[in-house]
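The chains carry the letters A, B, C and D, assigned in the order they are written, with residues numbered from 1 in each.
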Amino acid sequence: MSSDSKTPPSGYDVQREHMLDFKVDQQLAEVVESDAKNFILTTVDEVFNWAKLSSIWPVTFGLACCAIEMMATSATRYDMDRFGAGAFRATPRQADLMIVSGTVTGKMAQRLKLIYDQMPEPKWVIAMGSCAIGGGPYFKYGYHVVKGVDLLVPVDVYVPGCPPRPEVLIDGLMRLQDKIRGRKGRFITPKWVTDYAKKIPYRK
Amino acid sequence: MGGMSDQGLHVTGAALMATLMFTVMALCAIVFTWMERKVAGFIQSRYGPMYTGRWQGWAQAVADMLKILGKEDIIPAQADKGLFVFAPILVLLGSLLAWAAIPWSPGFIAADLDLGLFYIFAVSSMVVIGILMAGWASNNKWALYGAARGAAQMVSYEIPLALATIPVILNVGSLNTQDIVIAQQGGMFNWFVFHDPFLFIAFWMYFIASIAETNRGPFDMPETESELVAGYHTEYTGMRFAFFFLAEYANLFLVAIIASVVFLGGWWAPIPGLDFAPALTLVIKGVLLVFLNMWVRWTLPRVRVDQLMHLCWKVMIPVTLLCIVGSGLWMILSGELG
Amino acid sequence: MEQKAIYDLLAGKLGEGAVAFHEDGIEPWAEIAVGAVAEACGFLRGEPSLDFDQLMCLSGIDWDGFDEAGKGKSVGILGYTDEGSPETSDRQAEGDLGVAYHLYSHALDHKFTLRIRLPRDRAEAPTVSGVWATASWHEREAWDLLGIRFTGHPDLRRMLLDDKWVGHPLRKDYVMPDRWEGVPMDGKPYSANPFPATEEPPAGGPKPDGDTPPAEA
Amino acid sequence: MAMDTKKTNGWADQDDVPEIKSELLELNMGPQHPATHGVLRLLLKTDGEIVYQVTPVLGYLHRCAEKIAEGVNYKQWVVYTDRFDYLAPMCCNHAYVTAVEKLMQQEVPERAEHIRVAVAELSRIASHLIALATFGLDMGAWTPLLYCFREREEILNLLERISGGRMLYNYMVPGGVRYDIPEDGWVKDVLSFITMLETKKIKDYNQLLTYNKIFIERTADVGVISKEDAFSYACTGPVLRGSGVKFDCRRNDPYSVYSKFDFEIPVGLGEMGTVGDCWDRYMVRVREIEQSCRIIRQALDTLPEGPYQAIELHKPVKVPAGAAYTRTESAKGEIGHYIISDGGQTAFRNKVRSPSFCNLQVVEKVGVGQMVSDLVALVGSLDIVLGEIDR
């Protein structure tokens, strides 16, 4: 991050682009560029970004089937709390992340918007499952289903699946962390993970 | 009886002590949030924070606090702005002031008051006002519910909390916290918790009341996440919410430290002669009690609000009163008195 | 008790109100007149030898465009196109609406099915929510989704949809909404997809079969 | 409860005192609320902690499934039945295919029926585990939630191995099941899992939650649903059985091969309070887990050889014209499908009678006069799933 002070403010940084495994939109690139000009602020920014990405508190907002998988993600086996994202807050005022887990209906749409508006900045949205992404199986005859939550609120990460497996949701969370960080994170596998992975038989 | 220089020294010392106390408080909030999540994980057969800061997610609470610093500060349009802003400060102040009278090691105390214990209970009652203000000012029905419940609960439980310490005060004959600790010198069987059966009961009464006083499960009525969305701090965001958060964990540690001071021998080690780190001994005792508190919180379901009141007024207050009488009788019979 | 015997008892009570008893299908059912349904249900519930204490189900039906011949040529419903906009049709709705009641007796362990037919322009039936409390929500749902008005119902509001919703979606001629109270109900066209399908398959992945073209509208 | 008597006086008497004006507090619980199990909205009128009126507002998850049933064919609609009761999808699959087969008068191979019963019961156990877990969560007990999810993961693993889906399976088709039992010791694993559940885990839950003093205090004598109310509101499943009625579609109106198996129907006995209180409904679920284990063991022990599909998978299903209401026992209660067929590949009308929809209605009556905390307990003990209520 700190070595980017010479790059022109507009356009992508070529060096950074290959580090990303997703396309950063122009806006995100500009934000990163403007911060990259000042060394001290960049470092402070890096620290704050680290804090933001390591402590993403989702709002307890279950809509449908995917909410059960969201619960499973925070439950024993998958344990989203490992990444600091396990502190589900019941009130949107204290949350950072809205996981839209399920079908958004016409009646719910206003409430969803309200909850999003009540969340303090900076805030993020994950569209979990095909219903939240684009109506899913309810596209053709779903007179009461909003065809994608991105018609209502800006979405940061789309997590496909019907419902997505918890692993995929965790992956979506990591993509969100990458997005907050502005680049792809370096993943260090702890020793206990590799040790544990060795013990898992291929198929029971 | 002191000149200007003495007073100057006094002010400097007080300022130093205050800074130290605030640091301790912030530190214990950070450590105990992390500990809470790890203990919860341990009890629930999962890991808890693992990645933030590499080793066992030790930096998790640091990240939480930093993130909360950077959050948008929202004051609802319909809220009572003055009260809304002042409430978290009052809550924090209530738990911060009480730290002054804690005796960390012989002579190491911010304010060596003759009425130390009384002072602690008096200032920590301010938390109730803060919670009530927060709930009222938020202009949110859930917050109001939480505040009303919280006020009723905390006012009620202050009584058994204070009553449970009276047998100890009877035994010591002083409200000064240092005197109380000094009276327990000489091994763990001189601690007041093992002094007589009534004091043993009084200790557990104190412990139960302290859980209720800190608004933690199974008595977390003001927050009751499954009933009132987040209780009295439903509308609070960012730093203001962090104040409540800090105060909760500071209070948690405070009541544990008071329990250690009053019942568990303060800075004295369990075995005589091991008292080389008095402050550390006290902190370890406090942390163990906090762990016990967390253990209870993550194991038991929550009681209902009327059952909570029932427990306080019909069970705990009579029992603690009985402890006072019993302990007094014990003193007369064992010949300690006069 | 046999269903035929129950119907005979009921017909004796209702007289003109009992229209017919159909025994030919898998599930025999009694057709009764619209006006008689509340009386019939009250009788079935109250008569000790019948004692239907549970209303299992209350279903509203729109018989518009039903293929009576049983060849599966009923009229299709309207949905959204692949572009996400609502489909429309010029067809005029015809045919009756209907309500079916499925009853069960815990005490005597027998079932019974009642059906009524309502004219489309005057879809009104007397409520049975006084007989079985559960009918209240079922009737609200039938009003909500099919527009069958239950007279005498204590609280006939929409059940599932919002009070401001227009139309009754389970009718066969219902046209899907494109916007409701500012909420977009229509879909995005495929071209607005933020992630268009790439031309090339992902590197390393299996190549798609030749005979299954990539999903493109 | 003594609360009911308070309902008539209390605030009504205060009209005599002109200076003191009091009004009921309107409280909006949901749709985003931790205790409403999804997007249920309860409009409460309360006087302090006492609830005077409960009005459930539904439809926040209305996904138009009945309309879709008129647009897609019978096989395609199995997918949507998964999403009704997403905690026990196999039971919903089973209910639907049973209804279609009844209309088709289709014989199903014995092996398929055994597999169906086994997976449906596994699904029922998973659903009941969630019911216990979320009920405990409503009472403020976090840890049982995670323990129950841990065991549920095992079931999901087993069902994933047989069906390929982790949570929603689309496993059954009219005329059989999609895949045979995998030949990697699936049966053995299922049996060892249910043995573990019966011998160890249920004891754990009982120790941690069921016989916990606080838990009993919170649930016994709370939210009592009388037998008459249960009939009138057409409550079914554990709610009806919790009120002391020995009724189970698997036994009283047998479908599939349930008549072959030996199992008991647990009912609420009022051990801790009144018959029909929250604790009874909870306990019925715990005991049903044990009975489901028994059924699975019998179904897999007597698993016959032979085909597992009567209709080839790629062939479309055509249902002769007719109409029938079929009811089966899902985890939440009696799930009924009223299918009207016009002889084609698509249902003309498919009304779903969902158990949660009928069970929830009872809060309008029983919730009145309770405290807010007890209302949370009552809604938790009904074990509702919004996907099924709103469809």
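Basically, a contact is a pair of C-beta atoms (placed from the backbone, for glycine too) under 8 Å apart; a residue touches a chain by one contact, two chains touch by 3 or more.
Remember, it's a predicted structure, so these values are computed and weren't measured experimentally.
With centres taken as mean CA coordinates, the chain nearest to the overall protein centre is D.
Just to note, of C-D and A-C, the chains joined by more C-beta pairs in contact are C-D. The greatest centre-to-centre gap from chain B, using C-alpha centroids, is found for C.
With centres set at the average Cα position, the gap from chain C to chain D is 23 Å. Inter-chain spacing, taken between the CA centroids of chain A and chain C, is 40 Å. Measuring from the averaged C-alpha position of chain B to that of chain D gives a distance of 43 Å. Mean C-alpha position of chain B lies 60 Å from that of chain C. Multi-chain contact residues of chain A (touching two or more other chains): 75-77, 90, 107, 140-145. Touching two or more other chains at once are residues 33-34, 59, 62, 64, 67, 70-71, 146-147, 150, 390 of chain D.
Residue positions of chain C touching 2 or more other chains: 77, 79, 160-162, 169, 174. You'll find the chains touch as A-B, A-C, A-D, B-D, C-D.
Looking at the complex, you find that chain B touches chain A at residues 37, 41, 44-52, 54, 57, 59-60, 62-67, 69-74, 225, 229-230, 233-238, 241. Considering their complex, residues 25, 27-28, 33-35, 49, 136-143, 146-147, 150, 208-209, 212, 214-215, 217-218, 371-374, 376 of chain D touch chain B. Of all residues in chain A, only 106-107, 109-110, 134-135, 139-148, 150-152, 158 touch chain C in the complex they form. Remark: chain D residues 31-34, 38-39, 59-64, 67-68, 70-72, 79-80, 83, 86-87, 130, 145-147, 149-150, 152-153, 166-168, 184, 189, 386-387, 390 touch chain A in the complex. The residues of chain B lying in touch with chain D in their complex are 40, 43-46, 141, 145, 217-218, 220, 224-227, 229, 298-307.
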